[in-house]
Amino acid sequence: MNYGRRFLILWVVASVVLTPIVAIFVGPEIPPGNGSVQAAGQVLDNTVLVSVMTPVLLFVLLFVAFSLSHFRSSRSDTGDGPADRGNSRIQMVWAVVTTVTVLGLATFGSYQLIQDGAGGGQGPSAAFLPAGYASALNVQVIGQQWAFTYRYPSYGGVETPQLFLPANTLVRLNVTSLDVVHSFWAYQLGVKADANPGVNNVVYVQLKGPQSFDIRCAELCGLWHGYMFDTGHVVTPAAFKKWIAEQVAFYKPIEKYLPPYAPFYFPEPTHRAG
Amino acid sequence: MVYGRPVTNGWRLLAVAVGVVVVGALIGLYVSDYLVGNTPSYTPPVQQSGAGKSVNLTIETVAAVGPQLASNHPDWVSYLVREGSDWKRTTVWHVPADATVHVTLYNFDGASGLRNPFFARPSGIVGPMKVDGRPIDALDPNDASHTFAVPALGIVIPIAPVGDNAKNQCGYAPCSLSMAHRTITFTFRTGASGHYRWQCFVPCAAGYVFGNGGPMQTIGYMSGFLNVG
Amino acid sequence: MRRLIGFHLGTGVVFGVIGWYLGWFLGHQIHAESIEYFSDIDQNDVSIFLGYIIGVIGFLAGLGFLNYPLSRVAGRPAGLPADKGARRYFGMATDHKVVGIQYLWGIGLFFFIGGVNAMLIRTELLTPHSQVFPAGQYLTIVGTHGAMMMGIMSSAVLGPFANYFVPIMIGARRMAFPRLEALSFWLLMAAGGILTTTIFFGGFPTGWTGYAPLLDQANGGMDSYICFFALVGLSMCVLGLNLLATVMTMRAPGLTWFRLPIFVWGVVTTAALMVLASPVLIAVLGMGALDRTAQTTFFITSRGGSSYLYQNLFWIFGHPEVYILALPGFGIILELLPVFARKPLWGYKLAVAGMLGVTLLSWLVWQHHLFMSGINADSRPFYMFSTELISVPTGFTFLCGLMTLWRGRLRLTVPMLFCLAWFFNFLIGGLSGVFLADVPSNVTTHGSFFSMAHFHYTIMGGLVFAFFAAIYFWVPKMTGWAFNERLSKIHFWAMFIAFNSTFAPLFAIGFLGQSRRSVTYPSNLQFLNDWVSVSAFVLGISMLVFLYNLVYSVAFARVPAGSNPWGSRSIEWQLPSPVPPNDFDELPVFTGEPYGYGTNDPVWRPSAAPAPAGGST
């Protein structure tokens, strides 16, 4: 009638059965999906996290359920339980196991992060650079109240209202803001970088095949924060060249008015209506 | 040992009354928030012709909306829309889907300048934008007074200013057409139905940080909804 | 009723309103026409701030807080506040039990107002595109819900239950600073009142975090938020200071630190965080107020400031703040489990170590709120490690709680049900925190509904469930009346099921790409949002069931609870219910910790009784 052994067997069996099921069927379904190398890396990370958490979740839930079913006292029972105040061996094992698990998860997460930046904004001096970063396509994302615009420095600094990117390219997104704090979130690409005024927030993303992706603002920026969304497009390199040429032609009349391309801007309108 | 006075009917009545007042106040809060939330809207009359549905929308932008139209914010800039012979301060407009919208905009306000010169290029319209009858394909960003932009539909219209030294400028709205103004006309097409927000992209809210507070962040002044369909 | 003249809430309100108008008038004299910048905008932040500040001073003066200092300055004896009758509850009270009950009512009131805001939010989110409320008003509702809940619930356990029971648990008759105790309560009430007036000044668009530079740009309603949170910070600081001083200096003889009830440890660690974190909040809000009134540019990058300054300062306060919310929950759960498992608290010292570990580590993790902000990229692995590590001391609490259950004789009373629900909820909340702590995973989940689900599971599923456990456990002691068992169980099951039904889908919604504080969302998420909204309405109704239970049990059914309905060994249950005005007839001397179930170890003896021969006291 060793409760402890019975519970441990129950827990081990449940974990051994459920953890592979979670790792194989649930993990890979966790968003954001396969739209970029960074997004796929996040899915792998989430899979590892959810697989490690399954035995933890099972332990606590099964423990409580087991206790409720075996140790419940009836209404008339007024006695006390055993005066068990602690067991230093159990405490030691628990402390070591939890610490090792948690440090292991943090190590794995750090490894994923260091590989290629994981799609998160890294500030002006990015530390975690994917392979081939020096020849990445530079695109600037300008957040303002309440729309994103995009500049392409390698195409004369043209500014466009839509984000088109060539497939299978490494892109360096330079995210900045003209006024308050916004956040550029390209969902299917697994990219998120806050847009702070006066700061260039760099994020790398290695694109895969053509697709559309949702762009949302992820930092409350005022009245139209919820409407600050858009659709971006990853297109074939040929389609991209065609599109950018069209944009350059269309925005030619204001080419002379745009400030020279810079990592960030402090624009001050000249007049102020009374 | 029970500590406390015996319960009389008076106390019970008080307890019930307090409970009812609390619940009633909570419900009242809920309902009143809902009622205060309603914004007036405007639907221009729809004309049907061989080319499909079309509407004419006449709007104006003013430097100070005046106590008659906004008693709590008389000094705020604002859009107004013409309904019949009156100017109404409503920025929620209903237009039909798959229709052509002809817009005439009278601007009575001076220049503020664009924060992002990108918005000086009109886009998303059928044919050119016309300022006082002349087609324009870009405004000097420093001259922009306001913009009318529907980002989800790709529509950007920079609005030309009344000169700083113009005579007979309008003070408080409503403004009459005999006062200094510019006339901007443009046409766009609507597609599928939906709720699209529109806003100004010129930081015209004087005195607020970045020029984007106050009227720029309050529906009924410099932004609103274009409800299509 | 004839003594309406005097110092009480009525006078406080009158003086507060007079103070408001005085401040408003002064503000108009200071600001105005001579300063060209201000003449452009039609709101006068200086007036609003001065109005609130002088109004609060008037409010406190009307309540009688200036009586003692002014009397001493004049060299006269100060009048004492009323110590009998219902009038005590409507003024400055120096009996810690009265303050505890005042806190319970005050927190309940603002909790319900915040809850109504939540119902409004879910009403708006029933459809992705239509506008029940205009977009600007929605943001104010979201901000008021968040600010009200965070500000008020920070004191939800320490206010009512620590003020009432900590002196009793340590064998004292009062707190170290009774007038400060009353001050912390009335400051909180003034703060809550101020936040409800934000709508008159246009509301505020920043959400509860108040990020600058949007904070600088916002309408006058932003000033209400700033004053609210600064007063909340002051109230927390005073409350924590008082509790720390009381536990440090006023413990009865024999009560060593390791004989303290674990609830008191939870209170002490929370109080330490309150005292240290609140000043940072007050400082950063003060900077925001200066930006809005004196044209400083602390947070405006183009003028030499930085938006990061706000973010870092806010979260240096903000992260300890969430442990201020979580730690009292740990204390309550570990305090109640031994009573209902009829076993000692397992691993008492480990539980204390867990609480101390959480307190210490909470200062080292704040940048996990800023992983995507463009902070120094190299620092992120450090914060990932420190954040993941904080789950280790939290895990100690779980271990001690679980092992207390093991081989006990579990009694499923209503407080016990809430404790068990806490395990379930905080587990899910904590595990989702591990996801958020992982930077690659955080890229998608930051700023989305996933993080909303995480903190609702830990704060509402954790603290609020523990709060209700404490209510069902201790309110019979405070009022002397037992709760109706059937209504309580209905409340519990409705709340538990509706809570999980409301917040579990939010994890999915966040992963599917819906960002926080957005009044609109992709149409394919409508079904999930509707499910969540309906569940939220049921959750709201379960709160009404609780209200009904409270009024029914305390005003109508009036079944006496008796002095020890739960059979607890803790000292407060050895006193009559409700506790008499002078608490103890004789102060106790402690001889052990209160968890000796299954033994006959005594906990305390009256000081007049002789010490046992040959033993230590």
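Labels A, B and C are assigned to the chains in the order they are written; within every chain, residues are numbered from 1.
Going forward, contacts are C-beta pairs under 8 Å (C-beta built on N, C-alpha and C of every residue); 3 or more make two chains touch, one makes a residue touch a chain.
Please read these numbers as outputs of a predicted model, since none were measured by experiment.
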{"item": "Higher-contact pair (C-beta pairs counted), A-C versus A-B", "value": "A-C"}
{"item": "Chain whose average C-alpha position is farthest from subunit A's own", "value": "B"}
{"item": "Centre distance in Å when subunit B and subunit C are each reduced to the mean of their C-alpha atoms", "value": "40"}
{"item": "Averaged-CA centre spacing for the pair subunit C and subunit A, given as whole angstrom", "value": "31"}
{"item": "Separation of subunit A from subunit B, taking each centre as the mean of its C-alpha atoms, in whole Å", "value": "36"}
{"item": "Touching two or more other chains - residue numbers and ranges from subunit C", "value": "40, 135-136, 205, 213, 217, 300, 520"}
{"item": "Subunit A residues counted as touching two or more neighbouring chains", "value": "179-180, 222-224, 227, 274"}
{"item": "For subunit B, residues that touch 2 or more chains besides their own", "value": "197, 206, 210, 212, 217-219"}
{"item": "Contact footprint of subunit A on subunit C as seen in their complex", "value": "40, 135-136, 138-139, 205-207, 209, 211, 213-214, 217, 300-302, 306-308, 311, 341-350, 371-378, 380-381, 384-385, 388-389, 391-392, 395-396, 398-399, 402-403, 405-412, 420, 423-424, 427-428, 431, 434-435, 437-444, 446-448, 511-513, 515-522, 567, 595-599"}
{"item": "In the complex with subunit A, residue positions of subunit B that touch it", "value": "63-64, 77, 109-118, 120-121, 123, 137-138, 140-142, 145, 149, 151-152, 154, 156, 164, 197, 199, 201-204, 206, 210-212, 216-219, 223"}
{"item": "Subunit B partner contacts - residues on subunit A that touch it in the complex", "value": "142, 144-147, 149, 159, 161, 178-180, 222-224, 227, 230, 250-251, 253-254, 257-259, 267, 269-274"}
{"item": "Subunit C-facing residues of subunit A, complex", "value": "3, 30-32, 38, 41-42, 45-46, 49, 53, 56-57, 60-61, 63-64, 67-68, 71-73, 77-87, 90-91, 94-95, 98-99, 102-103, 105-106, 109-110, 112-114, 117-128, 175, 179-181, 183, 185, 187, 190-194, 196-201, 214, 216-227, 266, 268, 274"}
{"item": "Contacting residues of subunit C [partner subunit B, same complex]", "value": "37-38, 40-43, 109, 112-113, 116, 119-120, 123, 129-137, 141, 202, 205, 213, 216-219, 300, 480, 520, 544, 547-548, 551, 554-556, 558, 560, 576-578, 580"}
